[in-house]
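Have a look at these structures, which come just after this line.
Shared chain: chain A. Partners: chain B in the first complex, chain C in the second.
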Partner chain A sequence: MKKVFLLVLVFTALVVYGQTLVIKGSNTVYPIAQLWVEEFQKMYPNLTVTLEGAGSTTGIKALFNETTDIANSSRFLKPSEIEEMHKAGRYFVPILVAYDALSVIVHPSLPIDDISIETLKKIYTGEITEWNQVDPKLPKRTIVVYSRNTASGTFETWVEKVLHGAKLSPRVQMLESSQAEIESVAKNPYAIAYTGMGYVTDKVKALKVNGVEPSIQNVIKGTYPISRPLFVFIDLSRFNNSWPMEGIVSDYLRFIVSPKGQSIVRQAGFVPAYGTGE
Partner chain B sequence: MMKRVASFMFVLFTSVAAVLVAAALFAIVFFIFSESLRAIREVGWGLFSPNWYPVWELEPEFGVRTMLLNSLILTVWTSVWVWIVGLAVALYLHKYARDREKQVVLRILEYVSGVPSVVFGLFGVLILGDLFLRAGAWTAQNFLNASIVLSILTLPFMTSLTFQSIEKVPSHIVDGAVALGAKDIHVLLVELKYAAPGIVNAMLSVFNRIFGETMIVLMVAGGANVLVRSFFDPIRPLTATLGSEIGEVAVGSLHYSALFFIALLVLSGCLILNILTNVICRRLERWVKG
Partner chain C sequence: MRWTLRIITYAVFAIMVLTLAIIVVSGLPHFFRPGFFTEWPRRAMSEGGIFPMLIGSLMLMALVFAVSIPVGLIGTIFLSEIAPRKLSMVLQSLAATMNSVPSIVYGVFGLSFFCVRLSMGTSLISASLTLSTMSIPFFMNSAVEFLRAVPKELREGVIALGASKLQATLMVLRASRNGVLTSLILTLGRAFSETAPILVTGAVFYTTKLPVRLTDPVMTLPTSIYAIVMNLGEESQWMAKGMASLMVLITIGVYFLVQLMRRNQRE
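Right after this comes the complex of A and B.
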């Protein structure tokens, strides 16, 4: 009798307190997910959440191994992953949660408003080193080129969308944070840098890229060239191949696309994919 | 009885602590070496090529040569200045400063040496960086900026260590020199000779400190992987790369292993220097006494 009682106790304890949610994947999405989890745990105080940000590939691998409930990813599935998924009889679905869109910033006093992707590529690969090579009207001064360090997801987007995989010139100065980029560009009239759209302040000037202004509308419309979607993946085969309508995973997904969740996306410096209710 | 137990416990405690510390050191060296093995095996001499492109999927490059040279140039240049200025300040304090002056300066040095390096880094970014731009440098974070901030960090260290070892010279040595009719400058030389082991120890510690300093170079050196050609070139020393990238790299990847190779380089640099310090100091002590 005692044993049964104990067992029941342990079981209820598990149900009430033992609810866990495991999230793994992209380190680009990580700062957003951190804020999401923080807010989500206020709504579910008994929930234990583990969050890891080791990279998109790691997250999707973890979905295969069933070691995570949710995989954050800064890219869509690779063809090889889709094939593997089909072979295993699994079904991973993407939920679009945000856009990682980058602004190109310069000092407000520099007489330039528009820049093309090709020019940016030339600047960052070191083919062009002075401003008057960009536009003869600009001063003949060395371009001070700043980039985020290689560890950041922002940097990955830049290499993919602007450099098309080409190598950065070694003269490019790597900075540790978006804040440092804004500060450095605000002080140096001949500097150029890129940063997540949400970080731009009025101390710097955001350039149009290929004639398109960096704005949330243009990112969602798909006309702004330096942006990429960010996803959250779940494995539907764990929910009998149908959309989970209840349970913690479902609640979490609902939360992150809700106006509250989306305003958190904005707060983290990214472009929300849906309305923020503002 | 109690007394014996207590003393036994004390011996046990201290010896276990000593063994643990030694074991930890060996474990760290072994860990760093074993993690960098993959890079050594797969990249080989490529590790000493000039370019560092760790995260490019096509042809990644893991060359540390530029960073290593920049590290060495920055360390040697800064150390030489710190040595000269530190020695001068220590001599002034010892020889010419009044007691009150001495106390004030030593107190200030003490406070400065307690400031964390990140604060100095901030100073370099916000204040020195601004001055550099106003003076016409093309970028705020550069070799000279890093060098200045590093000297501010290590000068107090150099000065107080040197000062202490000069002060420790026994008075009978000085008196003896004076009694033999030595002039001021010769007395000073005698004192310097006597204090030499301490001074050399201070010099090499400063060198070591600058070589291994991470936060400051990360913040103010500029982060560009070009070999320094002028004072205003931005550079990226070894430690800056390590500090910047180790936090986000995928564990077990080639990039991870290459970063551990950098750690191995820095560690062995510091170890070799430490051993060298010991050897030189012992020689000098013998020379002084002999």
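Right after this comes the complex of A and C.
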């Protein structure tokens, strides 16, 4: 009986004091968000955080329905969403948290340093199949083309920034992970692949794209072409249309842009938007 | 001809066994990782264990049971003992129709009715009610056959001995209890492995606490497998494999139990 009473007491305490932070949205941001949440939980043991993927659109919809505190998104608001937001008298603001930037990788021995988006598109749609078609100086060898599988956010970025929605050639081999891509390219001198910038190692060579070096600086400057910003949206109309200075939402946002939060971004293979303070 | 048929049958059987074996075997070694059943997942589910998913699934099943048993039993008794023949036929074919509705449709129904209209939100209660809406017709459909199978003479005999309608019904239930229990376990087995309805009504991919209120969201085994496979990298896949293996083993266990009960019933 005593035990039951104690249990009830603990439960009530949790119900009264337990706060909940709800996060929904983008599948691309999900792996970063989970690491953030795990770390944030350690700082606020009484807090409950729930996290859902299901896509950027779902996250922004949830912001409209007020079923989420924070919406992760791999894109900015669409014009239709902005219009709807104004009509509803709401005020969504984005916080830039990271960049999803992709490096194009080849074997270090291949005599090529620079590639254009158009050429990449031709390679991935199957219009070009041999290296000497890219540059006459290159050997006449078949290009072995690797891609991430279609379920990944990386693939989504690639389709958007390089293929511009065009269909992938059936010659392209799908790989399960960035790790597998790097291993495969490191073994094959005539292979090409793309991977999150954070995963690139010395085993492979990252090419310049349209003459721009794939570096964190160039991503942040916005000159590197295969990157997209990742956002976290909040609804300021819930905070009297001004920035929340205290409360759990405010603390969470402060945490994810802090050096600690940003180093988690890098850990997940993305480019931190504010540097990691190192 | 006969041999061709036999070979095809064996081939199909082999494929089924192979599929199950591959799932079970590829996940089984992870059971022996320290803390697989007792720890929270860490580092984006690449370390730790499946404790919250396991407990979440069990909690959900307990709630589904609490709702489905009374409602399902009352419905079954109404169908076989009380309703006029014609009404009973109509109701049963309705239940059969509901059985063939894809589970995501139940999910969307639950989302708009329980989560939004009744403002229960993404929660344990929404998910369990959605699953119950799905499993009650399933239960009724299979249980009613067992009640009907009780010989008419038995009913008439009991009533002739002066039993009331209620007593007669209880007698029918007792006579068919093995069958009813079988349908119950089958229902639970089906509800346990269902992903789509809870994915949209009550499950979240990650939560830092176990649910303490009915209105809290929950992590479950099937939805976490989905979350890992869809969103996370190679380092996390082992956890999905382990959970898939566990779920297959549990399902096999459930069907084994059912077979055992059927055998007992025959003796």
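Here, the second predicted complex is superposed on the first by the 262 of 278 C-alpha atoms of A that agree within 3 Å, B and C clash if a C-alpha of one lies under 4 Å from a C-alpha of the other, contacts with A are read in each partner's own complex, and residues count from 1 in each chain.
Here is the rule we use: a contact is a pair of C-beta atoms (placed from the backbone, for glycine too) under 8 Å apart; a residue touches a chain by one contact, two chains touch by 3 or more.
All values reported here derive from a predicted model rather than from experimental measurement.
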When the two structures are laid over each other on chain A, do chain B and chain C clash or fit?
clash
Looking at the overlay, what does A:V159 touch: chain B (first), chain C (second), both, or neither?
first
Tell me which partner A:N149 touches in the superposition: chain B (first), chain C (second), both or neither.
first
Identify the partner contact of A:E176: answer first if only chain B is touched, second if only chain C is, both if each is, neither if none is.
both
Between chain B (first) and chain C (second), which does A:Y190 come into contact with in this model arrangement: first, second, both, or neither?
first
Is A:N241 in contact with chain B, with chain C, with both, or with neither (first, second, both, neither)?
neither
Once the shared chain is lined up, is A:N27 touching chain B (first), chain C (second), both, or neither of them?
both
What is the contact status of A:Q217 with respect to chain B (first) and chain C (second): first, second, both, or neither?
neither
Which partner does A:V37 reach: the first (chain B), the second (chain C), both, or neither?
second
Which superposed partner A:E52 touches (first chain B, second chain C, both, neither)
second
Mind sorting out which residues of chain A both chain B and chain C touch, each in its own complex?
27, 151, 176, 180
Give every residue of chain A touching chain C within the complex, in rising order.
11, 14-15, 18, 20, 27, 30-31, 34-35, 37-38, 41, 47-53, 65, 67, 151, 176-180, 268-269
Which of the residues in chain A come into contact with chain B in the complex?
27, 54-55, 57-58, 141-142, 144, 149-152, 155-156, 159, 165, 167-168, 170-176, 180, 183-184, 187-188, 190-191
Given the complex with chain A, which residues does chain C contribute to the contact?
42-45, 116, 121-122, 204-209, 212-213, 216-217, 227, 229-234, 237
For chain B, which residues count as touching chain A in their complex?
51, 53-58, 66, 125, 129-130, 133, 138-141, 218-219, 222-226, 234, 236, 244-245, 247-251
